[in-house]
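Below, chain A partners chain B and then partners chain C, in two separate complexes.
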Partner chain A sequence: MSAELFSVFYQFADVFAFLILSAAGLAIVFGMMGVINMAHGEFIMCGAYVTVGLVNLGVPLPIAQILAALTAGIIGMIVEFLVVRRFYKRPLDSLLATWGLSLIVTQSMLLIVGSAVRGIGTPEGSFAIGGYTFSTYRLVLFGCAVAVLAGLYIIFMKTRFGVIARATMQNAAMAKALGARTGRIYSISFGIGTALAGLCGALYAPTMTLIPTMGATFVVESFVTVVIGGANVLLGTAPAAVFLAMIRMALNASYGQIIGQIGMLFAVILIIRVLPEGLSSVLVRRGR
Partner chain B sequence: MLKLLDGPQTLGRGKIFWSCFLAVLAGALIYPLLADSYDVGNFAYFLIWIFMALGLCLMWGYGGMLSFGQTFFFGIAGYGYGVLAINMGGGTATIAALVLSVIVAMIAAGILGYFMIWGGISGIFFGIVTLSATLVLAFFLGQTAGPEWHIGPARLNGFNGMKGMDPLTVGSFDIEGSALYYLMIALIVIVYIALRMLVNSSVGNVIVATRENPQRAEMLGYDVRKYQLLTFVIGSGLAGLSGALYTSWGQFITPSSIGLPAAAMPIVWVAFSGRNDLTATLVGSFLLLFGFQTITVYSQQAALVLMGVLLLATVMLAPQGFVLGIGKLVVDWWTRRRLRDESPALADTGRLQSDET
Partner chain C sequence: MNSGRIVEMALLAAVLGTAAIGSAQAAEPPLKVGLLEDVSGDLAFMGMPKLHGSQLAVEEINKSGGILGRQIELIHLDPQGDNARYQEFGRRLLNRDKVDVLIGGITSASREALRPIVDRTTTPYFYTNQYEGGVCDASMISMGAVPEQQFSTLIPWMVEKFGKKVYVIAADYNFGQISAEWNRKIMKDLGGEVVGEEFIPLGVSQFAQTIQNIQKAKPDWLLTINVGAAQDSFFEQAAAANLNLPMGSSIKVMLGFEHKRFKPPALNNMHATANWFEEIDTPEANDFKKRWHAKFPDELYINDMGYNAYNALYMYKALVEKAKSTKLDDVRKVIASGDACIDAPEGKVCIDPKSQHTSHRMRLISVGPKHEVTVEKDYGTIQPYWLGEIGCDLTKKNDKDQYTPSHLPSKS
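After this line comes the complex of A and B, so read on.
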């Protein structure tokens, strides 16, 4: 019995980790600046490529993954400085600008790197409970997703930066009048968002084929999680991921991945009819 | 009725504009007589996509709804045409397949639009929900390679795409080559004129009023949701028309014409051209398609990089669109010159209008 229960939890954890890791970066950027980063998938791709490149050079996997996340974060801050910061007053245009960027990056990668890059295998290691065997790495991913949420909680709720960031989120003009450097806050937030995207790519790099268009496999999940999660990462994205993971897990188990994805999309379309501002609006209202 | 052709919502009016329009149309009609049939077929291929661009222009430029789902409806109607044409047999039934597949796309738009518009989502979320639907459809069709994925005798065939449907046919006459070209020209003229009349009519004024300020339009007594849904259904239906014509043109369709990067193309065309005007979209989309096709022959990736650069450049340098901006500059220069001839003192008034560009 406990083996079946654990198996259900394992499947849930797998989907949950995928949703949280792919959506967290997007949600932070959206929550802080109201910008949807259409190049999110490309930052994920960047993280994956840097990881694989470093591992092939002989760097141990965990260190390569951390370096990959940092690289994506730094590139993100550069992109913010060059492009995104011009569009904080025009969120729709920021969507187009980052989409243009995404096209440029994906297709240039196809031109330069080509489609074949030697991948790295999923780290070995499995354990058995009852009659079932489970991959350890999948549980590591779940642990990372929980750690990301915990880390964000600490950064945004317990540090000085977090207080200023939340003030900027609520009322940027007032925060600026009180002396907060909102420009720098935005820049750092965008960096954190893209670093998380890079981390997502780094963590999933060992489990999938590396192609320049791999970002597209993450964007649907990250979009729908952010759409029903709304602007608040901790109160929106996390519950949204729990909810979507349950739907997805149930459908995956009986009908396979693609029906799971379609079902998730239908659920999201039904939810936006009822809760247009996302789950976080409900939770925040309850909290007050 | 004809009064609606010229109105506040469309640029280009008066004798000069319509003379140019007729001259271009005449040139387009004579073209197949001068060029060889391969070029005519290629030309017809560019024209296929114009409907999709005009539909997006209506939704985004006039209705303020940025839909990233043009290729979603393109795909539904494209696959719809294939399935229907194969199941109903060839011959004149293909015309029915074309009409029905566009209707199917419009019904899909009605359902998706209902949930989004009545749910009150707009702006950014409208874009990413439509894009999510598009990508999911592309993923779904991509994994339908097995023989169990079929509708009647029509196999979906996964990534390799569906093929084997008949082209548009009347009786025993296949509409291909020049005939298809003339059909496209006729359809484009009809759609262009009809859209001009729509946006200049009272319905069009409500659509534009909703774009400008939904609350205000609602306070004036209009149920803006109905107008938004109408705009969305028409705009998406035009994407469907493109899809059905595309399948009929090449007798195949693959999931790659739905997913990324195909989904970004209509956005690039319309943004580059100038989303606020139908004529600018028509001209700009055609120019971009022509340029894209020329470069694709050498390298598809390079052509797509260029599209990305154009999108980025448009948003950063000319958010209203390049073709529209250049068009306005030319018109301003022209009027200013005439004003200067008539009365030098008024020469500066023209400058007020050019600020937008």
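After this line comes the complex of A and C, so read on.
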């Protein structure tokens, strides 16, 4: 019985981690900054490739993963400076620009690195409960997802940078008038967002096949989580992930992956219909 | 020889005569080969060897004088794994470029998207993948292995060796669905039991729940017919969770070279039946591999699709030279005579007149803990007999249909 209970928790944690890690970066870039970043998946891919490249050079996996996230963050800041900066007032054009960027990046990776890269293998470790065996690394992923949420909360709610960042996102002109260097705030926020995307790729790199289009497997889930999370990203993304993870886990377990995926997307349609502002609109109202 | 042919020959001789003063090669227009293979998108890692195989064959054939003295012009377009693009590019090659033959397609979905378009023309079409079988269509010549060559050999062996309970993980499209149907039929005949079947949408990459469902069902072995890079993540995740079950497949190792892409021992205890895998160690195969790697030194693995794509051009050359024509009807007369054979790197392969599918020398291979590949059993040459047995006979009637164990030709 306890084995069944644990397995339910494990499956929930697994889907939850996937949703949070793939959505966290987008929550900042799209949810807070309003940039429809179609290249989100490519930042994830970047994190994964850098991780595998560094591990193949002999760097230990955790360090490679941190360096990969930093790399994605730095590349993100460069992209913000060169491209995204010009589109803050034109969200639909930002969609086109970042989509173009994503096409260029996947195709260049294909030409430079090739169509497939040899994997590095998941860190050893599995444990058995009842008749089931589980991979320890999947729990590490869950731990990282929780840490990412906590980290985001602290950065944006408890630091001076966070206060200024939120002020900038709400009213850039006013923040600027009060002395905030909004250009730098945007740049850093975008960098944090892409670093989190890179972290997602870095964390999932050992468990997946690496191909240039791998980011696409994360993109639907990440947008869906951010959209139903709603306007207040910090309060919305986590509940959205919990909600979607429960639905998907339950349906996956009883009816298989097809129904799991259909059911999750169906729930998304329902929520957007009933709560166009997303889950956070309810939570914020309750909080007042 | 009819009078039209004589006039043609006379003209040809005249043209050749005048051209001989200048360049002899310019005398005849090149033979146009249209090729549709994904070299970008999710299946690029499998499609790239197909393009390479075609390029190698074209280069070799052109060097040794072409087909009927005509050089081959290879026109490759990249549909990027998109079925709508397969149709668009297929139309372009057939109607605008007026290719003499069309080759290609990776997934069965792309093949079925192309087939109706090919059927409206009189251009022969070569499909070069192993697949779920059953296409009875006069325009299509299939170069890859089919279920009677792959599943009717593999599944009884797996049942005998590991047990009667199987769990199936299949990609959710026609290939996975029909392959799973084949497994059900063969398992039923063997008195085995399918304890679970899970169809996975393409692009899904997370398998924790699937792994647990498998452990709950307690199968003796797994049939893994999952497709594409995302779904291949199953092997890594199953190994990390210590699932440790024997696996069988019609597409793993020789087609997706997972044993080269994943770190050992993720593919340990995988078994497959194949007409080609790079580890084949015969003089003909080694010579072929040497030529391939000389032209493409970076190739990670020569997979069976790439190998079949290479053979398709030689088979086309043999057919056209025997028919002395590139017309579909003339080429099919050669096939109907039962004389459509080539000496391929795997050995002699022939096209079956009734179904226009290819006979293959089949071997059962196993992957070990260090991802070493060993040949467990050699079945010799197996004919693609199933379509003929159920009543497909393309020498008499063009069904243009795809049959499965549950969709058989109506008795008329």
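Criterion: the second predicted complex is superposed on the first by the 287 of 288 C-alpha atoms of A that agree within 3 Å, B and C clash if a C-alpha of one lies under 4 Å from a C-alpha of the other, contacts with A are read in each partner's own complex, and residues count from 1 in each chain.
One rule holds for everything that comes next: a residue touches a chain if its C-beta (ideal position, glycine included) is under 8 Å from a C-beta of that chain, and two chains touch if they have at least 3 such contacts.
As the structure is a prediction and not an experimental result, all values here were calculated from the model.
Overlap between chain B and chain C is detected when the two structures are superposed via chain A.
Contacts of A:F18 after superposition: chain C is touched, whereas chain B is not reached.
After overlaying the two complexes on the shared chain, residue contacts for A:G162 are found with neither chain B nor chain C. Look at A:G183: by the touch rule set out above, it reaches neither chain B nor chain C. Applying the stated contact rule after C-alpha superposition, one finds that A:T213 touches each of chain B and chain C.
Residue contacts after overlaying the shared chain place A:F134 against chain C, while chain B stays out of touching range. Once the two complexes are laid over each other on the shared chain, residue contacts for A:Q107 go to chain B and to chain C alike. Within the superposed three-chain model, A:G151 lies out of touch with both chain B and chain C [touch as defined at top]. Of the two partner chains placed by the overlay, neither chain B nor chain C lies in contact with A:G263.
Of 3-11, 21-29, 93-101 or 381-389, the chain C stretch that intrudes into chain B once chain A is superposed is 93-101 (criterion: clashing C-alpha atoms). Overlap of the chain B and chain C interfaces on chain A comprises residues 106-107, 110, 213, 216, 258, 261.
Chain A meets chain B in the complex at residues 34, 36, 83, 86-87, 90-93, 95-97, 99-108, 110-111, 213, 216, 219-220, 223-224, 226-227, 258, 261-262, 265, 268-270, 272-274, 276. On the side of chain C, the complex with chain A involves touching residues 39-42, 44-45, 47-48, 172, 198-201, 203-206, 208-210, 212-213, 215-216, 218, 229-230, 232-233, 236-237, 239-244, 260-263, 266, 298, 300. By the touch criterion given at the top, residues 66, 112, 115-116, 118-121, 123-125, 127-129, 131-133, 135-136, 139-140, 143, 259-261, 264, 267-268, 271, 299, 301-302, 304-305, 307-316, 319 of chain B touch chain A in their complex. The touching residues of chain A, when paired with chain C in their complex, are 7, 10-11, 14-15, 18, 106-107, 110, 114-122, 125-126, 128, 131-135, 137-138, 206-214, 216-217, 249, 252-253, 256-258, 260-261.
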